[in-house]
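Take a look at these structures.
Shared chain: chain A. Partners: chain B in the first complex, chain C in the second.
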Partner chain A sequence: MAKVFIYPATSLILSDLVARFGHKPLGAALGIRERIQTAGIDSPPLQITPEEPKRGLKYAAVEVPSGVRGRMAIYGPLIEEAEAAVIVTDADLAFGCMGCARTDELILFSLRQSDIPILELNYPANEEEGVQFVAAIKKFLAGLPNGDEA
Partner chain B sequence: MKAEYAPDYIGTVTKYVFVESPHMTPGELVLRAYEISEGVLIKETCFGLQVTGTSEAVDRLISEIRTFDPNHIFVKDRGFPPGDPRRCRANLGGARPGYLGHEREFRLLHYITHGLEALERGKGVPEMVPAREKKPRLDIQRLQELIDEES
Partner chain C sequence: MSRKVRIAQLSCGPEYSGVQKEIYDAAGAVGAEIFFPDIALADVERAVEEFGLDVRSADLKLMIARGLALVDGKIDADGVFIGTCFRCAEAAIVRNELRRYIPEHSRLPVVSYSFTERTTAGTLLTRMEALTTIARRRALLAREEQTGITMGVDSGSSTTKAVVMRDDEIVGTGWHPTTEVLKSSDSAVADALDMAGLTREDIQAIGTTGYGRFLVGKHLGADLIQEELTVNSKGAVYLADHQRGASTVIDIGGMDNKAISVIDGIPGTFTMGGICAGASGRFLEMTAKRLGVDITELGPLAMKGVGENVPMNSYCIVFGTQSLVNALAAGSSREDVAAAACHSVAEQVFEQQLQEIDIKEPVIMVGGTSLIEGLVYAMGQLLQTEVIVPPHSQYIGAVGSALLASGFIKGE
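Moving on, here comes the complex of A and B:
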């Protein structure tokens, strides 16, 4: 079972397909859950404390806004942990404030800089593309360590 | 002085289960899930359910739930436990943060279902078409022509 980073990190479709084909999806929920379940200083809503931008320094320079560094404290360790990644490039649901937008750019940059295998594709817009989408993900995941060769 | 934070549901895992099926409603799914829940907390939602419990118990329940309608049931992780006041719309009003993203992907689920069924039947994969190009924008000369025609 390989650990596969998914982008958008909140994607239902990618999370399901990666798990369905026998691998572990690494998405935003894992990072958030870790913080939500750790006791400490009350810092609602996501328990992002002032420590997070400091941890984010590992992934972004000090002049990068703390909002991006704080977010990277969640995604950075997941990217480091990932053995592969599936990216949907036309995900119009992956938008947000400037902090989210810049973090998304940094996530994609970090993934492409790493040496892990990456599959990039678009969301399906019809049934034919649905077959291609699922087949491409299945084939990609089957080629990963401990995947079932398609 | 900063307030202390004491988390609930420590050591648990929460997962969303989405059902987009002509054969099963979220209500039916939740009833069948309750029958096999064995200590897992289940919350019914408009799109399916949320399950919370230890990792092993949730994984066991999810693998059982998937067998009800494998190509129409979709699962993903959730960071917050169900009913958390920071996320529950009962406290916030309006859609729960993250719901709109789910709604966007929910509309694509029937394409994914079609893909899963086609692969299951061993149907050949249609040739990959090149990535969709963006619609060309209105040419400035064409715009001028349109303006001239109207005036």
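Moving on, here comes the complex of A and C:
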């Protein structure tokens, strides 16, 4: 079983796919809702304290906005822990999304800098692409150490 | 108990900055409640396209969608709080554009703030108080005439001012440096009453404002305890005899600065703060001290000098003072240094705060620093307009309080 970081970290679909193939998904496990009644699109389930942005200084300098550092305090350790990553770019908001584009840039950069296998895919635009999308993820996950067939 | 003022929050980053609780607390302290406009995910991209600002962050897209829903009247609110992370350029663009768009297309008062993880409820309190006052007390803020005998006290960070008004005229004033808050207030009140030839018993209603407003208000049994943003706006347009229409009020204070875009005497958008004490009256006090002149002499001295002759950047009061010492050591004249200090403060307020509101003429400068003519001149140069300094401008908060307090006279 490999620890696989998923991006967008809030994607329940990606999280489910990774788990189905016998790996451990590393993400936020937040569902993006049809109606948004919280402060942000990916609001954390628990109150984050001002300590998180300070912990985030490990991943981003002090001149980086506090929201980015607060997010990195959560995602930074997961990226360090990750043994592989599946990155889906230009995803539909409903597929899973993260509120801050600057954090996204830093997360993707950090993943690409780490020496782990990464699968990068564009979000599918039609059914045919959707089939290829799932097949590519399946092949990638099956190739990771101790991956299972779903 | 009156209904809670409902403030719609449009934001990006407060939760991950750990400051959402501070926003709730600040709103709760002034009898308001924060809510997040309910938006369908499917409407977010559509709203962004309609607004025409193509941003990448999903939370900024959500802010835009919520702003448009408020303007369209799909969601009811009494006021809007817009908050984004400090130092985020993408968020600053959205924050500024929404802050401009919402008041232009609705009657909703808006306050905006860029926060860090160090932002506290205390920092946000005055802004929230102003926002709720505008929403809750429109009728009171519409008052254009002072009636009866009232007193206003402005307990500021540097000075405490008191004003007694009778039948729409200022009949007594008092001014004391703020040392012990209550003692300074008692002294200013005593002077104002003495000048008016009245006693405390003659006063029919009292209003307090400024940093010490709660303490002084309780001490005096005030009828109105009000933050300085709304009070100063009222005082400024009242004294400048420009109560109707648009105007801009600038108050460079001892500890912070206020820039307020006013419409019919009611604040529309406003900013409060300053990056550093280098942009405050405190820096000019230090400059006067270093030049060996009284603060009242700094303005006339600056008018004789040419600021461009002295390189000075007062973004930090320490480095600003260093520039000042260096310039004097290099042989610059006191006049040029005084002019440079005034220009430096005006420039920082111009760059940091006036960019965040829409400047509408007339521009009215108030507060103690408005008596420093070198500073007023520098601001006028930067804004390319004539800046109005109304009579009694240093008593602005006290006058605004006395004016609004007359709404509390029995039978009014």
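The definition used in the following text is that the second predicted complex is superposed on the first by the 123 of 150 C-alpha atoms of A that agree within 3 Å, B and C clash if a C-alpha of one lies under 4 Å from a C-alpha of the other, contacts with A are read in each partner's own complex, and residues count from 1 in each chain.
Here is the rule we go by: contacts are C-beta pairs under 8 Å (C-beta built on N, C-alpha and C of every residue); 3 or more make two chains touch, one makes a residue touch a chain.
What you are looking at is a predicted structure, and each value in this text was computed from that prediction instead of being measured.
Contacts of A:122 after superposition on the shared chain: chain B is touched, whereas chain C is not.
Judged by the touch definition given at the top, the superposed model places A:64 against chain C, while chain B stays out of reach.
By the touch criterion stated above, A:102 is placed in contact with chain C alone, chain B being left untouched. Greater residue coverage of chain A by touch, when chain B is weighed against chain C, goes to B. Once chain A of one complex is fitted onto chain A of the other, the partner contacts of A:93 extend to both chain B and chain C. Applying the stated contact rule after C-alpha superposition, one finds that A:31 touches chain B and leaves chain C untouched. Of the two partner chains placed by the overlay, neither chain B nor chain C lies in contact with A:55.
When the two complexes are overlaid on their common chain A, residue A:41 makes contact with chain B and with chain C alike. Chain A residues 32-33, 35-44, 47, 93 lie at the interface with chain B in one structure and with chain C in the other.
Those residues of chain B that touch chain A in the complex are listed here as 2-7, 9-14, 16, 18, 66, 74-81, 84, 86-87, 98, 100-102, 104-106, 108-116, 118-119, 123, 125-126, 128-129, 131-132.
Of all residues in chain A, those touching chain C in their complex are 32-44, 47-54, 63-71, 74, 93-94, 97-102. By the touch rule above, chain A contacts chain B in their complex via residues 8, 10-13, 15-17, 19-20, 25, 27-33, 35-47, 89-90, 92-93, 122-136, 138.
Interface of chain C with chain A (complex): residues 9, 11-21, 36, 38-42, 44-45, 55-62, 85-88, 90-91, 115-118.
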